[in-house]
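Chain nomenclature is as follows: A, B, C and D, assigned in order of appearance, with residue numbering initiated at 1 for each chain independently.
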Amino acid sequence: MTVLVDTNTRVVVQGITGHQGTVHTNQMKAFGTHVVAGVTPGKGGSKVEGVPVFDSVTEAVAATGANVSVIFVPAPFAKDAFFEAADAGIPLAVVVTEHIPFHDMLTMYYYGRLRGVRIIGPNCPGIAAPGKAKAGIIPNVVFRPGRVGVISRSGTLTYEIVNGIKESGLGQSTCIGLGGDPVVGTSFVDALPLFEQDPDTDLLVLVGEIGGTAEEEAADYIRHRFTKPVVAYIAGRSAPPGKRMGHAGAIIARGRGTAASKLSALKDAGATVADFPYDVPTLVAERLREVGNR
Amino acid sequence: MTVLVDTNTRVVVQGITGHQGTVHTNQMKAFGTHVVAGVTPGKGGSKVEGVPVFDSVTEAVAATGANVSVIFVPAPFAKDAFFEAADAGIPLAVVVTEHIPFHDMLTMYYYGRLRGVRIIGPNCPGIAAPGKAKAGIIPNVVFRPGRVGVISRSGTLTYEIVNGIKESGLGQSTCIGLGGDPVVGTSFVDALPLFEQDPDTDLLVLVGEIGGTAEEEAADYIRHRFTKPVVAYIAGRSAPPGKRMGHAGAIIARGRGTAASKLSALKDAGATVADFPYDVPTLVAERLREVGNR
Amino acid sequence: MVKLAEWRGKELFRRYGIPVPNGRVVRSAAEADEVVRSGAIALPLVVKAQVLAGGRGKGGAVKFATTPDELRSVVTGMLGMPFKDETVKEVLLEPKVPVGRELYLSIALDRSAREPLLIASGQGGVEIESLADDQLVRIDVHPFAGLTLYEKRRVSIAFGLAPSVSKELGGVLDSLWKAFQDEDAELVEINPLAVVDGHLVALDAKVIIEDDAGFRHPEYAEIRDDRTPLEEIAREKEIAFVQLDGDIGVIANGAGLTMATLDVLAQFGGKPGVFLDLGGTDDPVKVTDAFLLMAKAHPSVVFLNIFGGVTRCDTVAKGLVAAMTQVPDSDRFPLVARIRGNNEDLGRQILQSAGITALSDLKASVQAAIAAEQPRTARRAAV
Amino acid sequence: MVKLAEWRGKELFRRYGIPVPNGRVVRSAAEADEVVRSGAIALPLVVKAQVLAGGRGKGGAVKFATTPDELRSVVTGMLGMPFKDETVKEVLLEPKVPVGRELYLSIALDRSAREPLLIASGQGGVEIESLADDQLVRIDVHPFAGLTLYEKRRVSIAFGLAPSVSKELGGVLDSLWKAFQDEDAELVEINPLAVVDGHLVALDAKVIIEDDAGFRHPEYAEIRDDRTPLEEIAREKEIAFVQLDGDIGVIANGAGLTMATLDVLAQFGGKPGVFLDLGGTDDPVKVTDAFLLMAKAHPSVVFLNIFGGVTRCDTVAKGLVAAMTQVPDSDRFPLVARIRGNNEDLGRQILQSAGITALSDLKASVQAAIAAEQPRTARRAAV
C-alpha cells in the first residue's frame, strides 16, 4: 500500500490540452503513471501525449476507469471542474490550479466532503510515490523509491528538500505537496494519519511555512497520535511579519503562526527540527539510524 | 443495543415551552426517557415539567450532556433550530415540526451530513424503544417491550399498527416514524441497516404509503441485504391518483410510486404483505413462528 | 401547492430574466379588442385559455386570430368555456411567432436522490413523459453546488444548439434554477422553450409553488387558481380536503390513516366522496371547522376514524359533539365514529352520550358506517 | 489583496444596507469648504485621513472642526501629511455624532476551521486584539448554512442590546455576511459599530477583497490604495514582490523557497532588501519583467535561487541573460545564480557563458552572493 496513489492509480487530467496539462501529462507518464484520460470540453476525440481526450469527466471515467483527477483548469473554472470530477465519482482530486478564491475552495471542500472526495491542493504540487505513480507536477528527477514520507505546504521548497533526500542516498515512499493556500482540501493533520498507517513509510519529513496554524495543529497530532519519527523544517524564520489581516487576523492567530510558535510546538511534540533545508537529509539519516530502520 | 435510542439517551427538547413541546416532554418522561433539558431562547432558567430550560442548545448540552434533540420549533424557525443542535454536537435530531419547506429540508439534510448528524423527520412521530426511551410523539399506550421492529412513513397509522402488535400479545424493539414529507432525513433504506444489525429485533414491520419511491427502494434493499422477515403494509391502494406534478413528476416516477408498484416490489423481495392494517399482527405472528423466533 | 396560471408563470419567468412573449391577459372580448387597437400586440395573435390542466392544444383551449373580428369571436367563445374541471375565466393574448425548434426544460424535486432534478429534452412541445429515456437529459442539481457550468454544457450539447443560442440557454438555465430556489418552487417547467428567430423564448410556463413556504412568500397567499370553493375553505383552515366520486365522508387524522381508512371502506364496498385529514391537531375549533366543511359536501354518512396521539380522543369527541349542534338541519348526516388512542374510552363515552355511534374496532366500525348510509335521494331532497 | 480605504468600505456597506454616516471625500480645502457651504453636511465635522494603517486617532489622522476656518485648516494640515508608510491624499468628512456604546464586528477566514469566523465584541472602538477571550464572541459561520438566527441571537445577547437595536443588529449581521460572501472579501470589519441616538451606525469600515477573485470583480482592479509603485508594477506582472530594509535582492520561485532563501541569507549575515517570487512560471517574458523590476530597486547584489520544476532552468537562464542586456547601465548589479532542477546543467552553462556566477549548492552560492555585494556608496553614486 502507498498513501494515496499506487500502481492502481488511473489518472484523468482535466485541462489536458492546456500548456501545463500537456507538459505534466508527459511527465506523469514518464514517471510510470497510468494517465488514462484527459478532459477538455469540445476537444473530445483528440489525443494529447497519446492520451485520449474526452468532453466530460463522466465519459472519461466510463471509458477508462479513471480514479484520480489532476486539475489544471484555470481558476475561474476550477471549481466547476472539481464539481464535475466529484459528480463523476472520482474519489481523489489533485487541484494544481493556483489563484482559486478561497470562497470557491470552501464550497469545493464541503462539496467534496459530501461526495466523499478528497482534495489535495489547490495550488499544490500534488502527490508522488516513486516507482508507483505521480498525480501532480513535482519534478520526476527529485525522486528515488525509498521509505521517507514527505508532506509539505510548499512547492519548489519541497522539490529542493525531496531532492536533498535523494542526493543523500535515501529515497521516498510518498511525497504530498498540500499547497499553501489559506484553505486546503488536505492539511497536515489530515495527511498525517495516512503516513502513520503506511507500512512503506519509516519516517516523515514535514515542510512548513510561517502563517496559519497548520504546523501547530500538526505538532499536536504528532505529539498524541503519530508514532513514527518526524523531521521538520519551517521556512520563514527570518521573514518580516506579514501585512496583518486587520484586528480579526490577530484574534484568529492569537500569537500562533510565527516561525517561533511552529518550531517550539514541533520540538515539544518530539520532532527533530532542521534549521536550514540542506540540514534535512542529515537529520533524516540520524533519526533513521536511531530507530534502526535505515 | 437498540436502534437509535436506549437508556443512555439524554433528550433535549427544542421548543419545550410551546404547547406540543410541553405535552410531549411530559409523555417522554412518562415513557421513562431521560429528558434532561429544554431550549427556548429567552426562557433560560425556567423549568417545564421539571426539566430545566436553557436559552441555547450549546448551554443545554454543556450542562446536561444531552445527545438527542427533539425539535418542536415552528416551521419558519425549524431549520435554524436544527443548525443550532448540529453545531452543538448533537448526533441525532428528531424533527417533529410539520410544514417545513423541502428546500429548507434539503439544506438541513446536507448540513447534517457534513456535521455527522442523523435527522429523523421532519413531520414525524419519532423514535420509541419500549422500556428504554422515546424521542418523539408516538403515544405511550401503544407500546410493550418486545422483538418486533417497526418503520413507517406515517403518523397515526403507525400508532394504529403498533397498537395492533401490542394487542396481539407481542411487543416492539424499536419503532421509528420516519415522516412522510418529500425529503426525509432518514428513509426506509437508511433505517433498514439499523434493524438488520439490531440483535433485539427479530422481524420488521414496514408501513408505507403511495407516492414517492421509498418503498420500492426499500424492497430492493430487503431483497439483497436484509435477512430478517419483513411484514409490510402500504396505505392508499384505493386512493385516487394524486394531482400530478406536471410532466416532470411523471418522468421522475416512471411508473413507480403506485400501491401496485410498491406491493409487487415488496412481495418480490420476500416481504409478507398485509392487505389491511388489522391483518398485520396475524402475519407478524405467522412469520415469527416460521422462523422459530417467537 | 400553488399552481400558477400560465400568465403568472410567465410574469415570474420575466422577473428572473427568462425571455417570454409580450403577452396580455384579458377577461372580455372588449379588453382583447383594446389590446389590438392600442397597438400593445399586433395581429395575428395566439389566444390561450388560462386553465391549469394540460392538453389545451388538442382541447380547443389554444386558438389563433388574424383579424379583429376573429379575435372577438375566439375570445368570446373561449371565456366561460368549461375545460376539464375548470372554467375559462381569462385568456392570454400573445403575438403569433414563427416557432423553430421546441425544447423542454424543467426542475422538480427528486425525492430519492434528495436533490432537485433538471430534465431537459431536445424534443419539447410534446407530452414529455412519452419520450424514451435516451431523449431526456436528467441532471441532479445539488443545492449546495447549484447548477454548474459543466451541467449547463451537458444540456447545451444534448440540444446541439448554435453557440449564440447556447449562451442564451445558459442564462435561461441559471434563471430557472434561481427561480426554483428563490420562489420555493416544487416545479418550474418550460414546454416548449422555443427557438424563435434564432433566440430562445418560453412559450409556456408551468410553475408550482410549495404551500409550506408560505411564510417566506405571502405574495402567493392570494393565488388559488386551482382550488374548488370547499378546497379553498379547507386550505384556509389548514385541513387537507379532497373531493372524490362517491358519497361517504371520511374524516381521519394523518394521511396514512386516512388512506388506510379509504382502503378498508373500499374493501367493504363503501364509496368515499370526500376525505378530510385533520392532521396532528387537538384544537377543538379545527375539529368543528372540519365538521362544518364536511356537512357542506352532503355525504351519505360520515365515518370518523381517529387515532389519538397528539390529538386526544376526548378533545376530538367534545369538538365533534359541539360541531354537530352547529350543522344546519338541511345538512345533517349520519355519523359513525371509531376512536382509539389517548383517552379513547372517555372519547367514546362523550360521543355515545350525544347519540353518536362510537366503536373501537376498525373493521366493525367501517361496516357500521356503510350500513348507516342515507340514500342519495333523501340527501338530494334535503339540499 | 485589495484593501479598501474607509470611504470605499463605507460605500460598500451602504450598498449592502449597513447604516453609515453621511460622508464626503475631499481632496482639497476648497472641496471641504464646498461640502459645508452647500449644506451637504453641517458643522461640526469629523475629518478622517484616508490612510490604510491603523492608529489614526492617536496619530493625528482624525480631527474635529466646528467652524469653516477650522475645517479649512484641519483639512489643509492633513492633506499631504505622511502617516506611517502612506501619504494622506484624501480625507473623509462626516457629521460629528453623539456616540453611545461602541461595538465590534468582523468576519474573516478561520483557516483551521475552514469556515469564516464572525468575531463580535461589546467592547468596540479599541484595539480589539487586546481584549480577553471572554470579551469576544467567536462564531464559525458555515458557508452552506450561512449566518443563522441562533448565531445572530448569540451576538445580540452578548451585546445586551435593547430589542429595537437587536433587530437592527440582525440586519447589520446579515448584510455583513452577504458582503463578505458576495464581494469575495478576506475581511469585513466594523470598529466601532456605534449606537448613535438609539440606532446602529458603522463609524469605520475595513474591507479587504481577495485578489484571486478578480475575475468576478473587475471593479476592484483599479483600486490600489496600498501599494508602492514597484509593488504595483509587480502586481500587474503577477510577480510577488516585497520591499524590506536591507540591500540584497532575492529572486526565487515559490513562496516557500523564497522564504528559505531569506533564512539562509540571514544566517550568513546577508540583509535582503527586495524579494521577488516568480511563482510557478517558465515564461521568459515574466523572467525579464522580474529582472527589470529588481533593477529599479538598486540592490547591492542579486541572488537568484531557482528550483526548476514547472519552471525549466534553461528557460530561466535564457530569460535572465536577455533581461540583463536590457538593464540600463546606471542600474547594473552583480548577480549570483543558484539553479537546480529540470535542465539545471544547461541552465548554469547558459549563465556562465554570459559571465554570470552560477552555482548549484545553496549554502555556497549564498556565501558567494554576500561576497559579491557592491558597496552602498557605489550604488548610490550610480543612481
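Here is the rule we use: a residue touches a chain if its C-beta (ideal position, glycine included) is under 8 Å from a C-beta of that chain, and two chains touch if they have at least 3 such contacts.
Nothing here was measured: the structure is a model prediction, and the numbers come from that model.
The chains in contact with subunit A and with subunit D alike are B.
Mean C-alpha position of subunit C lies 57 Å from that of subunit D. In whole angstrom, the spacing between the mean C-alpha positions of subunit A and subunit C is 54. For this pair, subunit A with subunit B, the centres built from the Cα atoms lie 43 Å apart. In subunit A, the residues that reach two or more other chains under the touch definition are 107, 110, 114. Among all residues of subunit C, those that touch two or more other chains are 142, 144.
Taken chain by chain, the contacts fit none of the simple shapes, being neither an open path, a ring, a star, nor a full set of pairwise contacts. Listed by chain label, the pairs that touch are A-B, A-C, A-D, B-C, B-D. For subunit B in complex with subunit A, the residues that touch the partner chain are 110, 113-114.
Only residues 20, 23, 75-76, 98-104, 106-107, 109-110, 125, 137-139, 141-142, 152-160, 163, 180, 182-183, 187, 207, 209-210, 212-214, 217, 233, 235-240, 243, 245-252, 275-278 of subunit A touch subunit D when the two sit together in their complex. Within the complex, the subunit C residues that touch subunit A are 142, 144-145, 148-150, 153-154, 157. Interface of subunit A with subunit C (complex): residues 41, 55-57, 77, 80-81, 83-84, 87, 107, 110-111, 114. Interface residues of subunit C facing subunit B in the complex, by the touch rule stated above, are 1, 54, 104, 106-112, 114-117, 119, 127-129, 136, 138, 142-144, 181, 184, 186-187, 189, 191, 206, 208, 210-213, 215-216, 242, 244, 252-257, 259-260, 262-267, 279-280, 306-310, 340-342, 362-363.
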